[in-house]
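Order of writing sets the labels: A, B, C and D. Residues in every chain begin at 1.
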Amino acid sequence: MAFEFPIRVYWEDTDAGGIVFYANYLKFFERARTEWLRSLGIGQHRLREQTGGMFVVTDAQLRYLRPAKLDDELIVTASLQDMGRASLTILQQALLKPEHMTEATPTLLTEGTIRIGWVDAATMRPARIPSPLLEQLS
Amino acid sequence: MAFEFPIRVYWEDTDAGGIVFYANYLKFFERARTEWLRSLGIGQHRLREQTGGMFVVTDAQLRYLRPAKLDDELIVTASLQDMGRASLTILQQALLKPEHMTEATPTLLTEGTIRIGWVDAATMRPARIPSPLLEQLS
Amino acid sequence: MAFEFPIRVYWEDTDAGGIVFYANYLKFFERARTEWLRSLGIGQHRLREQTGGMFVVTDAQLRYLRPAKLDDELIVTASLQDMGRASLTILQQALLKPEHMTEATPTLLTEGTIRIGWVDAATMRPARIPSPLLEQLS
Amino acid sequence: MAFEFPIRVYWEDTDAGGIVFYANYLKFFERARTEWLRSLGIGQHRLREQTGGMFVVTDAQLRYLRPAKLDDELIVTASLQDMGRASLTILQQALLKPEHMTEATPTLLTEGTIRIGWVDAATMRPARIPSPLLEQLS
């Protein structure tokens, strides 16, 4: 049961190849992660002010299967794959929403595994994810 | 005598129209302004740490005359048009560098006027530009 | 009666000043313009395939009044200010959505006037906006 | 012997965490790959016009070790790790250039492995890398 977030492709996302620029899927994934955390009651701006910590990405793996184009409607997912004391691993997909209801299933365009670690924002050193946050995640 | 900074157009800068995305000229202008300030001995990261202040853009006017394309070499200029106690107005141009020496002059692609104001980084309130900085500018 | 489009501020939109990077309001404005055109039945990707033409921005004027921050919810507007045979002028605003219902009105953050011209996508030369499109706009 | 390309960190590259936004290393890597190809006499814009084909990224793996900050000078590398008939695998690193000559070696910030495949630009279908291009690469 992955969290799903709709994202529309705009001019800003595309490149001269006529498709979404490869780096921009990381933006899409970040938006979906943020909304997934928000859906769990976790606001990152507030968190940083309260705890002095924040998540940073430590690893990313991406597979680009099919390109997205201008005006496409994507569904971007986030699901927790692994949870440690100091990091989370999140599985994410960008799927093309079918234009017509009758089409069976969304097409997988890009898939990624993103590992995010908790750090002290001042020192950028890894730290334990605050307990209330861990509880909200489990 | 404008400050000149070379910028190459990469995939990231273009959109599905095959040309540089209109917002990205503001990135190019910001890079040229930064290098112009650096050429005057003004480092923005250091400034912020030392003074607690920073420049923010308050006004921008842009005229898009001709598009830039992937792999184009641009010359981006910055020249001080006006200097106040709390703000600077900078004239900026993005020009297409001629491919061959024999071609007379660079072609003007985009022109902008950017006004930047000095603010206290903590409150975001306007403040007077620090005197040493003003002296370096004049 | 301006068209309104909600936009959330994500990490990708911010810079080390802790606020939305000034160029990114042009992205927000473009998204709102696209959705405004879409709400009128005008799809840009389809238009280009059908007519071989597209809109490009020819002029932009921006006033930055107050900064937006990470996690802010913005309302971005688009309203047709002027319509010619070959270009449209659109007034756009980015407003901060009040966090609480009780707060009177959204705060104006950034305001812009964007002029877009119709061009032949192959030659990039200005051209008359196709009649069906002009009719949908009026 | 990796190809090296210098990249400066500007405001546009950073986020509200005060560091380079994680997606932007893919932009840096793409710039370095483009310049590496150009150094071998391979211009992508021209290639597409001549052959109708282009490279697209099919896989990306990134490890983020240390953050880059505003005004940092990076050295971004590209070296060919593997070459097939239809794809290339390129090892890339973003290193922090030491501020002072006396410091021993650049610090590794981010490391990535990028696989790019050759496609027909019209159909986006995988195709064999044109022979002259393969020869230039070996």
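Just so it is clear, a contact is a pair of C-beta atoms (placed from the backbone, for glycine too) under 8 Å apart; a residue touches a chain by one contact, two chains touch by 3 or more.
Note that the structure is a prediction, hence the values are computed from the model and not measured.
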Comparison of A-D and B-D (more C-beta pairs in contact): A-D
Of all other chains, the one whose Cα centre sits farthest from subunit C: D
Mean-CA-position distance for subunit D and subunit A (Å): 23
Geometric centre distance via CA averages, subunit D-subunit C, whole Å: 32
For subunit D, residues contacting two or more additional chains: 11-12, 16-19, 23, 27, 30, 45, 69-70
Contacting residues of subunit A [partner subunit D, same complex]: 16-19, 22-24, 26-27, 30, 45, 54, 56-64, 66-67, 121, 124
Subunit C-facing residues of subunit D, complex: 11-12, 14-19, 21, 23, 69-70
Residue ranges of subunit D touching subunit B (in the complex, touch as defined): 8, 10-12, 27, 30-31, 34, 43-46, 69-71
